[in-house]
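Naming follows writing order (A, B, C, D, E and F), and every chain is counted from residue 1.
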Amino acid sequence: MMNIKRVISTIEKNYIAENLKKGERIDGRGLWDYRKIDISHDIIKSAEGSAEVKLGETDIITGIKYEVGEPFPDLPDEGVCTIMAELLPLASPLFERGPPDEQSIELARVVDRGIRHADCIQTKKLCIKENEAVYIIFVDMFVMNYAGNLIDAGGISALTALISSRIPEGVMKDGNLEWTGNYLNGKDLVKELPLIMTFGKIGDIIFLDPNLPEELVCEGRISISVTKDKIVSIQKSGVATFSIEEIQGLIKRSMELGREIRNKLDLWQYKVDK
Amino acid sequence: MMNIKRVISTIEKNYIAENLKKGERIDGRGLWDYRKIDISHDIIKSAEGSAEVKLGETDIITGIKYEVGEPFPDLPDEGVCTIMAELLPLASPLFERGPPDEQSIELARVVDRGIRHADCIQTKKLCIKENEAVYIIFVDMFVMNYAGNLIDAGGISALTALISSRIPEGVMKDGNLEWTGNYLNGKDLVKELPLIMTFGKIGDIIFLDPNLPEELVCEGRISISVTKDKIVSIQKSGVATFSIEEIQGLIKRSMELGREIRNKLDLWQYKVDK
Amino acid sequence: MMNIKRVISTIEKNYIAENLKKGERIDGRGLWDYRKIDISHDIIKSAEGSAEVKLGETDIITGIKYEVGEPFPDLPDEGVCTIMAELLPLASPLFERGPPDEQSIELARVVDRGIRHADCIQTKKLCIKENEAVYIIFVDMFVMNYAGNLIDAGGISALTALISSRIPEGVMKDGNLEWTGNYLNGKDLVKELPLIMTFGKIGDIIFLDPNLPEELVCEGRISISVTKDKIVSIQKSGVATFSIEEIQGLIKRSMELGREIRNKLDLWQYKVDK
Amino acid sequence: MPLIINDIYPEKLFREDGKRLDGREKNELRPIKMEVGVISNADGSAYLEWGNNKIYAAVYGPREVHPHHLAKPDRGILRVFYRMATFSVFERKRPAPGRREKEISMIITDCLEPVLFLELYPGTAFEVFIEVMDADGGTRCASTTVAALALADAGVPMRSLVSSVAVGKIDGQLVTDLSGIEDKAGDADLPCAITWFNEELSLLQFDGDMSIEELNESLLNARNALDQIHQLQLTALKSKYTSILEEVEGGED
Amino acid sequence: MPLIINDIYPEKLFREDGKRLDGREKNELRPIKMEVGVISNADGSAYLEWGNNKIYAAVYGPREVHPHHLAKPDRGILRVFYRMATFSVFERKRPAPGRREKEISMIITDCLEPVLFLELYPGTAFEVFIEVMDADGGTRCASTTVAALALADAGVPMRSLVSSVAVGKIDGQLVTDLSGIEDKAGDADLPCAITWFNEELSLLQFDGDMSIEELNESLLNARNALDQIHQLQLTALKSKYTSILEEVEGGED
Amino acid sequence: MPLIINDIYPEKLFREDGKRLDGREKNELRPIKMEVGVISNADGSAYLEWGNNKIYAAVYGPREVHPHHLAKPDRGILRVFYRMATFSVFERKRPAPGRREKEISMIITDCLEPVLFLELYPGTAFEVFIEVMDADGGTRCASTTVAALALADAGVPMRSLVSSVAVGKIDGQLVTDLSGIEDKAGDADLPCAITWFNEELSLLQFDGDMSIEELNESLLNARNALDQIHQLQLTALKSKYTSILEEVEGGED
């Protein structure tokens, strides 16, 4: 695997770091600003739901597919939602072909954990018949251009794809699956909307939404998923360490930022008719 | 992967090419001649059908095995025939160990496509009970010596093995498979006999049945599968390009050659009794 | 893969070999002596049986797990016992990460063959209902420290884990598996106790229980599994050759050693209550 | 998103008015949209909508070859990686690249290589990544077309563009540019590609069943369609230069 | 060995007497036992029993990096391989390393690296192998703790030890050191680790659902527990030196 | 082709006339046919029919080692790859090499290596590819025998040939050269191989159950059979030289 940290020269790294320490970012943003977020939905005809989210130049397309399968024995009346991420080599010279690497596993996992602990997916609505048939929902994120902070973009992309989805309604009749002709849509599948906020850290400076050069020079990141009133997931990565006070400050800030972005993005607008 | 093109020196390549341009081949054949074809059948006791075909020094052994499985849902009354090829490292210093490479996939695919589009295998005869049980026929080609033009040799080898096969007849009784004691043979399984003709191209010269040095120096190949009165498959490979007129000429020639070889080989002679 | 034979210098090799030829071993043992054997049992709470066996500094932990599955069609009333070995890279600089290599396959296979041919596992006791449900017993050996002769240590470790095991008793009622609340223990599962004795050979010298330096310098090994009155398995490995007379001598010696160790270890003491 | 639940093939592929199910004439292409320079990280890139197909291509190179032993001392190599997104088809595709994807990658490689001057780039590789995000028949031809565009966008010296289209036979009639349903339920499929510098076919496959006469006519149908596709490629390339020009001129104001 | 047959979660995670199912108070650690130098072949090693967890860690290095291309010319690398034995859990784990094991390996790597002076070992690797032989909740924290101990046992220069523990919420109440059943049936789980040289958190994960206030309090609970674990680590290291000293002094008799 | 439908084992492995099911006496070998030089591309090759076994072996080398790190600076290496064709057995074998094939490959390697002078070929490899096209018991012994022949055909310097056979016990009686059915339904199986230069066993495996006396007698049965097989190998090698000689002499006419 290429060592992505080497891509940025020491001079450039120092330059970015020195400026960050003065609270200045190379793209002119404040420490707590997101880049521009663009959302398109329902763009893939073959998918049961889809979205393209651009966060600055970072670009992720997510599609939803479903299968009908048996439930897990310990959750006989709940459907299943699995989240996958592919860092396409098309998206960056830093990405390589081959099986999922650590970075793509991390992306899928952090998005998954936010969704899983937020009471986001209504898994009981995904049950066709207890013990027999449930929907298995696949949320597959494809990174089309990599310019830093895949996690926050991936989270919004996954949520929007789910909200925009439309899944044929099935019933079991005499042991056979039949389609009613009706559909489940995002309103049926999704309840809470967990948003993920990722912060970089370099030296003592912490900042929101690292762009690619910042991601390459920073010592570590922390991603915090929040719903309207709860923290639902945290993931620290990289070798940076955080004091307990710093963590407490970031949690508070994430709750505030979450409220703000939640209103601004208004993701429920991407719901489609049944 | 070894670069097989390097095996032939530039001098040798020029020599072969220069001669070809004069219509002369290193083994003395005319441009539209096959090497000698030798066929043995029913040589593997453990297989339900088998054949060894030698095309010059190229040698391929094909064996037939079957399993009983469920049909595909969209083809509930049809059996399945899958074709595989292994380029054994025993057969040439050019072949390497490991999972199927591009050349073996190509061999299997081109033979498969000829068979699939020619109404060759009677897949409905391979149905034991609709929706429940069908035969899955495995046609496995093993290359024992590689001296060029695996595709044409493989095609004849696969056909002969199928024609020489003998498969126990099963019926479903109360949900259980029972064997009748009778057999299906090649006459039941096979209808049309698609023959594949492969042509090499170097510069402006096109020629039939490339031997190994010709295959290593030529810029591309085209394989054309024909039945008695139809073209059923074409595959161009390599970086050679062909004008539309050249293609039209080759199609015509393939139909003629196909008729000639079909008569000469008389593959139905390899049918075995039930 | 590292070439383990290179780890020992030629000088050291000659030293070990010269001494062996005088019947002297670097650790002071006689040619036919085992190192000290320490056995602990029932050490893993999550396992249905477990044992840690130290043979000198060689250390192997074995755990038993079970699943309930369908029997093989040709053995409808017999459970299945599968044996696996992992040479943990934690256990030696000579071990590498990755899928099972030749040495771990050999360890599992030799232990398995001793057990399989000795009427050791009572596979019919592992049947819950004929044709429907049997126990699949997994005997997984993990090498924790590698100091030579994994096979003999692994064999004792696997046997002790099996003897110490306790498996919930299931019955089939109306097609469903129900647990009776009773247990099967080692006395139910195990009958014969095959012991494996491994001998090294260097030049004309043959010796029992090679330690690591001896294993690295010796030209080959032979492992002989015996029950009280039968030989049940032999495996020669390495490039050493053995005369027929040597083999005949080793067989006799293995029967004698087997009786002696069988008494000394008294493995049935590790049985647990139901 | 899919409106049908079962992937059942229709009885007929022509409507009563003699047009194809999607309203096209026999030799009419589906709507095609092309754009270059869509992936900022790539050395060159292009995006193509062709009917319901949505395909991205990105070019990286000339760059180091991984693994090294694939490099050739006397020339560069071209590597094409054709992939389909899991959600690009009716039934979710497994994420790992399948045999079909490898095969199509090889075919597209062979098809593009004749227009490149690989001898100028010893020891290096051009890598073309093609991602089919939405698929509806003819993806190998569409992919070839968009890959050629991405190579041109990367400024890689080329003898000419490459254009590609599939012709075929449905319900016994010869047609141009098979849709997904026509591909599956039709009688024959003839994907081909042309290298414009010599006007020869660099991709040619055929599956189905045709007489000599039908095949000859199909090749001529393909030739006509390829001309149209070529024009669309040239327009897409020009519009990028036009917009750059506008930016530059705008900057001079 | 497992006494229950089904892995069913209990209704309540507190007993009537207000204690946890295993008899602990809310902020009480499970019994912990540590020992260093347990694997004679390793450069450093440690063994940890923490409740029913049984974990070995072995350190090899600094040594050559395989595969070579992972080596860094200007510094050493740390590689951690966390694995679970097939029989360490209720349902037999498949032998091949899974996604979860790779993820935890990466987390532990990130968490230990800040205390090492990797810049002193260019081109080499420290490899830490962690084998969970018996698992009962909190294995990532226990593994981090025992791995730090093994590194110290190997004599690798370190800025400080690293200690780790999980706190969380069960039945709505905040607790310290979740057991296996509490981890699965509880409301929230907050594994964290501290690097003592700067007293900052080098591992921090959270899954579940907590208000800001609960999370703040949990972090303080963790801080208290980490102090206790640190003392146990120091004791384990000292007892090795004590026993070496005794041997040496005994040898002088 | 298989005449039976189920792979059911017979009750008895001896007929009423005291002969084995295939009509052999207890210590009679199955019919054996050997030929060398059968694969023109190989440096050496051989073909063996032994009962219903049909096995090819080809030798390539001394040649470069892939991957390079397997090469040894002070000597050559021998690599044996034993494979079974998918259709060589009753139930179709999966195409990927299985554990059994790797294990047998290793055993045959160990068994052939003693007769080679690998120290003369530093840094290179001899690769022996064995393909079992039709299998009926005793393939590891037959493969060893044919591989030794292929090495000799390749002109690789050898201390001696290697011959191999399996003896064993069926229905309580000791026999020579177990057939497939005898191997599966029998009581014990003892494959062994001899290196003729020192007349010692270089392959020895045993599975089943025998007393000391039975094992001792079986080893003597093996020794007798090995002599016969050795003669057949020598004859096969000679007949190639004879035919070459005839060609040469014929050429002088």
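The criterion applied here is as follows: a contact is a pair of C-beta atoms (placed from the backbone, for glycine too) under 8 Å apart; a residue touches a chain by one contact, two chains touch by 3 or more.
Values in this document were obtained by computation on a predicted structure and should not be read as measured data.
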item	value
Those chains which touch chain E and also touch chain B	none
Fewest touching-chain hops separating chain A from chain C	2
For chain E and chain F, chains touching each	C
Pair in C-E, B-F or C-F that repeats B-D, with over half of contact pairs matching by residue number	C-F
Inter-chain centre distance, chain B versus chain C - centres from mean C-alpha coordinates, in Å	49
CA centroid of chain A to CA centroid of chain D, Å	31
Whole-Å gap between the CA centroids of chain D and chain F	52
Chain contact topology (line, ring, star, complete or other)	ring
Chains listed in ring sequence, where chain C comes first and chain E follows it	C, E, A, D, B, F
Touching residues on chain F, where the partner in the complex is chain C	7, 70, 72, 99, 102-103, 106-107, 110, 113-114, 188, 190, 195, 198-212, 215-216, 219-220, 223
Chain C to chain E touching residues, read off their complex	42-50, 57, 59, 61, 63-67, 84, 86, 88-93, 96-97, 99-100, 138, 140, 142, 144-147, 165-166, 168, 179, 272
List of chain E residues in touch with chain C within their complex	1-2, 5, 39-42, 45, 52, 54, 56-58, 60, 63, 66, 81, 83, 85-92, 95-96, 127, 129-131, 133-136
Residue numbers on chain B that touch chain D, as the complex places them	1, 3, 74, 102, 105-106, 109, 113, 116-118, 220, 222, 227, 229-244, 246-248, 251-252, 255
